[in-house]
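Per-chain numbering from 1; labels A, B, C and D assigned in written order.
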Amino acid sequence: MAEKTLISVEEISKHNNADDCWIVVDGKVWDITEFAPQHPGGGEIIWKHAGRDASTSYNSIHAPAVLPTNLDASKLKGSVDPGTITEEWAKPPPQKTPELKLHEKPGLETVINALDFERIAERTISKKTWAFYSSADTDCYTRDRNKEFFSRIWWRPRLLRDVHTVDTSSQILGHDVGLPLFVSPAAMARMVHPEGEKDIARGCIANRIPQGVSTNASFPIDEIIASVPKDAKHPFFFQLYVNKDRSKSEALLKHVRSLGVDTVFVTVDAPTPGKREADERVKADEGLSTPMSGAQAKNDKKGGGLGRVMGGYIAPDFTWDEFKWLRKHWDGKIVAKGVQCWQDAKMCADAGLDGVLLSNHGGRNLDCSPPAIMTLLECQLNCPTIFSQLEVFVDGGVRRGSDILKCMCLGATAVGMGRPFLYAVNYGQEGVEHFIEILKSELATAMALVGITDLSQCHPGLVSTLDVDHLVSRGEGHPYATGRRLGSVVSTVKARL
Amino acid sequence: MAEKTLISVEEISKHNNADDCWIVVDGKVWDITEFAPQHPGGGEIIWKHAGRDASTSYNSIHAPAVLPTNLDASKLKGSVDPGTITEEWAKPPPQKTPELKLHEKPGLETVINALDFERIAERTISKKTWAFYSSADTDCYTRDRNKEFFSRIWWRPRLLRDVHTVDTSSQILGHDVGLPLFVSPAAMARMVHPEGEKDIARGCIANRIPQGVSTNASFPIDEIIASVPKDAKHPFFFQLYVNKDRSKSEALLKHVRSLGVDTVFVTVDAPTPGKREADERVKADEGLSTPMSGAQAKNDKKGGGLGRVMGGYIAPDFTWDEFKWLRKHWDGKIVAKGVQCWQDAKMCADAGLDGVLLSNHGGRNLDCSPPAIMTLLECQLNCPTIFSQLEVFVDGGVRRGSDILKCMCLGATAVGMGRPFLYAVNYGQEGVEHFIEILKSELATAMALVGITDLSQCHPGLVSTLDVDHLVSRGEGHPYATGRRLGSVVSTVKARL
Amino acid sequence: MAEKTLISVEEISKHNNADDCWIVVDGKVWDITEFAPQHPGGGEIIWKHAGRDASTSYNSIHAPAVLPTNLDASKLKGSVDPGTITEEWAKPPPQKTPELKLHEKPGLETVINALDFERIAERTISKKTWAFYSSADTDCYTRDRNKEFFSRIWWRPRLLRDVHTVDTSSQILGHDVGLPLFVSPAAMARMVHPEGEKDIARGCIANRIPQGVSTNASFPIDEIIASVPKDAKHPFFFQLYVNKDRSKSEALLKHVRSLGVDTVFVTVDAPTPGKREADERVKADEGLSTPMSGAQAKNDKKGGGLGRVMGGYIAPDFTWDEFKWLRKHWDGKIVAKGVQCWQDAKMCADAGLDGVLLSNHGGRNLDCSPPAIMTLLECQLNCPTIFSQLEVFVDGGVRRGSDILKCMCLGATAVGMGRPFLYAVNYGQEGVEHFIEILKSELATAMALVGITDLSQCHPGLVSTLDVDHLVSRGEGHPYATGRRLGSVVSTVKARL
Amino acid sequence: MAEKTLISVEEISKHNNADDCWIVVDGKVWDITEFAPQHPGGGEIIWKHAGRDASTSYNSIHAPAVLPTNLDASKLKGSVDPGTITEEWAKPPPQKTPELKLHEKPGLETVINALDFERIAERTISKKTWAFYSSADTDCYTRDRNKEFFSRIWWRPRLLRDVHTVDTSSQILGHDVGLPLFVSPAAMARMVHPEGEKDIARGCIANRIPQGVSTNASFPIDEIIASVPKDAKHPFFFQLYVNKDRSKSEALLKHVRSLGVDTVFVTVDAPTPGKREADERVKADEGLSTPMSGAQAKNDKKGGGLGRVMGGYIAPDFTWDEFKWLRKHWDGKIVAKGVQCWQDAKMCADAGLDGVLLSNHGGRNLDCSPPAIMTLLECQLNCPTIFSQLEVFVDGGVRRGSDILKCMCLGATAVGMGRPFLYAVNYGQEGVEHFIEILKSELATAMALVGITDLSQCHPGLVSTLDVDHLVSRGEGHPYATGRRLGSVVSTVKARL
C-alpha cells in the first residue's frame, strides 16, 4: 500500500503551502490540502506544518485514530524515508513573532492589564511625557511602595458560595457607578494623546466612572464636559488647587459649578511641589500651558520640572480655617485630597467634609510618606467613626481589580487611579474603555473567588493584613516623644490640632 | 638512565591517544598505554591526559610512589625537556562539555531534582504548553510564595537516634502508599507527552502513589485506568469540577464510580477561573479538547487562556448545601479541594467530608491567596480538632522530599504535587518513576537527619515556624473590623458561616 | 488652494534647517522659517522637526487652530503626498543625547542631588581617591545600612498648615546656621580638588555651615581659615585625633585655639583603624602627606590603605578619664565624635561635654556597627535626659534634606555630612555652594510638606519609626546574658561603666 | 627665560621614559630625570607620567612650591605650547592592570580576606574539587544563611577604653591558642594541594591553631602529625565518623590515641549523607581514596557525589547510649560535632561530654537546618547552665575575625572554620599562615573597636541580636503541637529525650 511507499523529505518539503499541503504524522505522509480549511481547530495550525512533521502538535491534541478516520485512504501518500531526514527539516516550524519597533504600539487586543499599558507608554510616548507622568519625589520609595503594599495584603478566600452573578456596581458621593473606581485628577493628558482628558471622559461613559478633572488639565473643563453627550451619566469631579489669589479660585469654582459639577476635590498635600527629579532632568517644551490655571512651562536653573514650574500659582497658605471660605463659594460636595494620617482624616470629618481621599499624590510630593492603604488601616484603628461621617477614598499604587477589592474590604468607599488612565488614553477613548473593562473583570473575578457577589458583602475578614500590621501607627503617643527640643513642641503641635 | 633522557613536548604530544599513550607526572615521561585499561579509576581519566602533563590530576589522588611501583621501569621514557614546554602544551586538557541544543532533553540520569525537570520542560516543551502549565493568576505572587514559604520553615534536627532503617510508607484515605504523596489533579497531560496521564499512572505503580485524575484530563479516565495492570495497587482519585448542568456531573460520577474509583476530590476554589496572563498571551490550538468535560479550546478577544475557555462548564453556584446532592450520587469518599482558610476547613469537617485539600490551585486562581502551608498552620492554631475528624492534605510549592516532611510534621496526612508531575512525564513513564524515587530518597534522607525512622514519629517540635508565625491568622476577630460599611457586613457574613 | 498641492517628503526634507524650515502638522506643510525664532516655546523645538512631521509634538501642546491663526496663509505650502512617505522620514527626529566621556564632568547645572555628585566623582576622580573616600570597613554593611535606614523611617505629614514661609535656620553650639548641617571632618580633600578644604570653606560661607576640619586635612587649618574673609560668619570646628604623644596634641590644640576656633570634635571611635579593603587594594601615592599630623602615605605588605597607614599616630589608649586632660588644654567646647550606644552617650553627658556626635565613622571603622539614626532612637528611649544636657548630632548616610529633617524630628540638634562634601568639592567652591543649596531646598520642601515652618516645630509625631523600632536596643539587660564565661564579665564591664 | 620657551607636546612626548623623563606641571615643562629616583614617593609615580601632564597627580599631593624648590632652575625646560595639545596627549597615563588568566593565582600578598581565597579557589582549582568543597545540601539555603546571619548581628561598641594592647589568645580544651579558632575537620585536602592536610598543619603552628583531622583526610593522621616538628605546640583533634563495623573504629581510636591526640570530635549529624547536588553533577575521579576510612570514589547512577559514596561506612545507628562504648575506647576528651538544637546540646552536657560543636556541617547535610549562631542563642536562652558544664563551639559561615568575636560575646569557647582553610591551602602552608594572620588581625581590630583588650571581657551586651531574636526557639512547647497525629507523637518523642 501507499504506507510502504517511501517518500523523501525533499519531496515532502515541496508541498509546503495551503494550496498543496502535505504533513507527516507518526511517520505517515498525508495530503491534507482539502481537509485543512475544514479543520475544527482552524487551518492555520495545519498550514504552519505544511511540508513538515506535525506529529508533536498532532499528538498533543488528537488521538492516533483521528486522521485515518477523517481522511480518505487516498490521502495517505506514503511513509517518510528515514534516511532522507535532515536536521533542518526536523526542526519545529518557524515561529512568527514580529518584534515591535520603538514607538510602535501593539494592537489593543494584546493589552491585558495595567502594566501592559504602562510598559507600552514608556516605549511609545515622548521622553518628556514619560518623565512627567512616571516621576515621583526624590528617590521614589513611596511611589514604589504604593504598589508593593497591595501585594503584602493577602486574601482569605471563602468558598462554596453561590457566585453565579457578581455585581461590581457601587455608589460614589451619590452617583451610581459600574465599579467603585474614579479617575484621580492628573495634569495635562494631552501630552499623551491629542484628545487627552476628552477621550478619558468618553471612555468612562459606559461604566459611569467619575472623572476627576485637574485644574492643570490640558483642556478647559467646559470642553471636556462638552466632549460627552449631555445625557451621559458619568459624573465629573473638579480638582482644585487653591490659588494664591483666592479671587481666581472663586471665579473658577463659580464657573465649574455653573457647568453642573457637584463635587470638588481640594488638593491639600501640595502647598509646595515635590522634587520630581526625572521630570527636572528632561527639558520642558516651553509652549506647554494649562488653560484653567494659566500656567506656562519653562526651563530654569533647577531644570525642566513641569510640576514645579506650572504649580507656581498654588497657595502654600491654605489652612483648615479656609474650608469656611470654600463652603461660601461652593455649595456642592467637598472632598479633601491628599490626607496622609488619621489625625488629619479625623479633622476632615470634624470639619464636615463629604469625603477624604487618602493619597500621597502618587508619591510625587514627599518621598517616604505612607502608602494610602496604610493610612486607611490607620484610620480603621484610630478613628473608625469617620467611616460613618464621610466617604473614604484611596489612591496610589492601585493596578488590579483585586487591589480595588482589598480597599473595599478594608472600608474604602471607592478607589482612584491616576497614572494608569494616562497610559490607557495613549490608545484614545478605546484604550480607556478597554482598561476599565479589564479592571471590572478583574474585580468581578476576585469577588467571586473570595466568595462574595456584591460589594456590600466586603468585610475585613476577607483579607489578612498581618504582614503590614506592625507598620500601622497607633494612637497619639510616640515612643520617642521626649527630649529637650521635643517636649515643648509636642505640646505646641497638639495644641494646634 | 631513561630518567636523564630529555624528551621534547613536541615528541610527547605525538603519543596522545589510547593506543599510544604517554603522560608526564612530576617531570617524568611514562608510557602508560598498557596499564591504562587496567587503571582502577578507569582508563578515561588517563587518556584525557594522553600526550600531556597529568601531574595535577595524579597528585590530587595518588601518593608519589604509586606509578614507579605499578609500572615496569621500561615504561619510564625519560624526563620532559623543560626548554621545549609551550604555553599551549601546559594547558589542562580540553573539557568535553557538550552544549544542549534547544528542545533536546538531557539524559534522564542527569536529572536529579524537581527543578531540573522544570527547567528542562521550559526549554523543550511547546511554548503554549509551558504557558498553560507554568502560568498563574495575574502577578504570580502566590505561585512564587508557595515555594518560598517552605524555605522559611526551619528544621530542628534531633541527633543520635538509630536511623538505620527509615520507612517512608504511609496511608492516604485507606490506601497504603510508598510515601505520603499523591498526584494533584492537573489538566491535559497529553500536551507534554503523547501518553500523558497514562504514563503518569504507569509511573506511579511502583510506589502506589495515588493519582488524581482531572475532569479536564487529556484522556477519559477509563483509558487512564486501563493503561495499568488490573492488579496494580496504586489508587485513582477523581477530581470533579461540578458542571453547571448537574445531570452531567451525576452521569460522570456514576461512570467513574463504576470503574472502581472510591474517592472524589471536588474542586471548590474555582467557581470562576483566575486570570493566567501568560496563558492568555499565547494562542491556543483550537483543536485541543478534553474528553470528559467535552470542552474545546478557542481563542477569543481576551486571549488564548485554556484554563478560562475550557472551564466554561464549571458551576459557579455550587455551595455547601450541595454536598448533600453529592453524597446522593457518590457513595465513596469525598475530599474538598482548594480550601484556603481555617473557617472553611472547619466547615468541611462539620459537613462530614473525608478529607480537605488545603490548596490555592497552584496560585492559578486568586493571586495573594495564602500558601497552603500557612493555611495548615492556621488550622492547627484555630481548629485543631479537625485533624481527628478528617484527613488534611496540602499542595502548592512542594518540590523536595523535605517539603513533604515539613507538612507531615505540621500535621498533614499527605501532600499533593501537580505541575512537577507534568514536567516529569515529559520523559514518559520512566520520568515519573525516576521523579518519585528522587522524592522518596529525599524524604528518607530528611527523616534520618531529623532523627526519625517512620512517619508516625513526625511532630511539630522538629520544625521551627518562627519566621512565618506572625503571618498565621488567629481567631475570628479582625483588628480593622469596624466602620460604616463594615459593621453590618461582618454580621451578615458571620450569619452565613 | 495650496492645501491641495501635494508635496513629496523628498521635497519637504530639503527644508530641514533653521534658515529654510518647513514642518508638517496634521498633513499640512508649513514654511515656518520666519516664525520659528519668535516661537514662545523657543525655536529649538521647531528646528528639531525641520523637514519632518511635527504633528505629535505640536498636538501635545497646541490646539489645532494655533498654526493657521498665527501664520500667514502664504506659509501653507501644501499637503504631504501620502504615497511618498517613507519609514525613514516618519521617524521621530533624532535625539541629541551627548554621551559623557570618562573623566569628563557634566555641567554643574545638571547636578541636582547628592547622588549625582557621588556618581560623577566615581567616574571622574582618580581610582585611589575614589577607593579612599568611598571605602568602608570589611563588607561595608554599615556604610550601606546608614543610607538604607533613612528610607525605613516614614513621614506622617500634617496638612493644611500655612507654610507660606519656611525657615530652615537653626543653631549649632551657639552659632547661627542657615540649616542644621555641618561638614563632618574628613581627611585629605585635596585629593579631589587642588583647593580641597579651602574651597569647602568658601562654599560654606553663604549658609554659615560649620566646617569640621580634620587633623588629617590636606592643608594646615591656618591656611583653610585664611582662605575665607575674616568677617565670614561660618564657624570652623577642629577635629582632633589624640596623638600617642600627648604633647603634640597639646601644641596642636593651643595653635588651633589661637586661631579663634571654639569647638573641638574629639574622635573616640578610632583607637585603631578599620579595615577598608578597597583602599588597601589600590596602591597609595607615597608622596601624600597630611601637614597637621605629619603622617606620610606608604605601601606595606597589608596594602595601600591610607586610613590605616596615616593614622599610625592616633592614641589607642585615650579614655574617659582623659577628658580632664583635654579640658586643661582646651577652654572651648568639646564634642565626642563617634558614639555608638546610649550608654556611652550618657557618659558623655555625665562627663559634662558640650555635644556628642552619634556616628559610626561612615561605616569605615567597624562593620555591623549601628546606623547613627538607630543610636539616636536608642538614646531617646533609654536616656532622654541627655537631650537637655548636651547637643546631639548625627552623621552617616545623610543624603537628602528630608534625612536632615528626620533627624531633627527625632531630637537631633544638627546633622553632619562627610563624603558628600568631598564629592561636591570635585566642582570646587561652586560645587559646595550648589550642594548646600540643594539640601536647603530639599529641607524646606520637606518641612512644608509635613506641615511645619520652622525647625522648632519638629517633633517625633511627624515620623513613623515602626519599621525599625524592633531594632532599637532597650535598657541594660540582654536576653542572653548568662552562661559560664558571661556571668562574671557582665559584672566586670558594668563595674567599668 | 626658559619659562617663555614654548614646547610642543610632540617634543615633550619624546622624553617619556625613566632615562629621559620630562613632565608637565601646571603648564611648565620640567626635566625630572635626575630627581625621579630620589623622589620620596618613589620614582614609579613620576615615570608613569613621563612625557605627559602630571598636574593632577602632583597637585593632589604637593604644594605648588615643591618643584621649584627641589629642582635646579635649569631643569625648567619651558612652557607647553597650548596650541599643540592633542586629546590623546591630555589623557591620563594608561593604567597597567594586568588581567589574571584562568587558573592563574594572584600573588598571596594581594589576598586580604577569606572571600579572596574563596574566589581564587573557584577560579583555579579543578571543577570537581570546587564542586565537592563548595556544595551543600539541595537548595543551599543553610549554607548561605550561615554567612548571612553573622551580618544580622550588630555591634554595640563601647568607646574610650584603653585598647593599646589587645590580646587575642585563649584556651580550647586545655590548649593555649593564639586566637579562639580551630580547623573544622574537612575531607580530602589533597584535592586542592599536594601537601593537603600536612600544609594546613604546618600553617597552624605559629598561632597554635588546633587542627581537626577528618577520618576522610587525604593522608593518614600519622603522616599529618609527622609533618610538623615534634615540639610544635599546636594540637590535633581527631574527627571520628563511627564505623558500621565498630571494631574498625575501636582500632582507629586506639591508633590515634597512641599518637598523642587527646580529643576526638564525634560527628553526630551525618547518619546519612546530605544531597550535595553540585557534587553529584560532576564526575568523580574513581582513583580517589581516603586512607583511614578505606573509602574509594566511584560514580553510580545517582551521580559522582564524593560525600555520599565515600561515606558508605558511616554508622547510621550510633546513638546516645553508645557514648559509653566510646568512653571505653577513648580516654581523652570527647566533643559531639553537629548539634543543632538546645535539647541535644543539653543531652551532651548531661552525658558528660567535654564539648559540643554547634554546627550544621556547613549546610551540607540537611538544608534549612539552623545557622549554628542561632543554635548558640537557643542554648543561651533555654539551657544556660551547659556553658559551665562543657565547652561550646560553633562553626559554619564564619569568615571574619569579627564573626569570631560575635560568637565569643554570645558565649562560645571558640569557633571552627572548614572550607576557608581548604581555600587557603590552595597556596600551601604559606597560604594558611597568611589566612590565620588575617583573621587574627581582624579579630584584634574588632576587639579594640568594641572596647575590649582580652577575650575574657567578651559579653553579650557588646552585640545586638534584635534582628534575629524572633527566630530563636524558646522552650519545649510548640504553638502547633496539637491535632490527631501529633498528640501521641509528641509524648513518644518526649519520652525518648
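One rule holds in what follows: a residue touches a chain if its C-beta (ideal position, glycine included) is under 8 Å from a C-beta of that chain, and two chains touch if they have at least 3 such contacts.
Here's who's who by UniProt: A, B, C, D = L-lactate dehydrogenase (cytochrome).
Just so it is clear, the model here is predicted, and its values are computed rather than measured.
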Top of the farthest list for chain C, CA-centroid basis, is B
Here chain A maps onto chain B under a C-alpha rotation whose angle in degrees, rounded to the nearest 5, is 90
Same-site or different-site touching of chain A by its copy chain C, using the half cut: different
How big is the gap, in whole Å, between where the Cα atoms of chain C centre and where those of chain D centre? 36
Gap in Å, rounded to a whole number, between the CA centres of chain D and chain A: 51
Going by the touch rule set out above, which residues of chain D reach two or more other chains? none
Let me know each pair of chains that touch one another. A-B, A-C, B-D, C-D
Over in the complex, which chain C residues touch chain A? Could you list them? 39-42, 45, 56-57, 59-62, 92, 95, 109-110, 112-113, 151, 153-164, 166, 377, 380-381, 384, 387-388, 400, 402, 410-411, 413, 441-442, 444-446, 448-450, 456-461, 464-467, 469-470
Please name which positions on chain C make contact with chain D in the complex. 103, 126-127, 129, 138-139, 141, 190-192, 194, 268-269, 271-275, 277, 280-281, 285-289, 296-297, 301-303, 316-320, 336, 338-341, 343-344, 347, 365-370, 470-473, 476, 478-486, 489-490, 492-493, 496
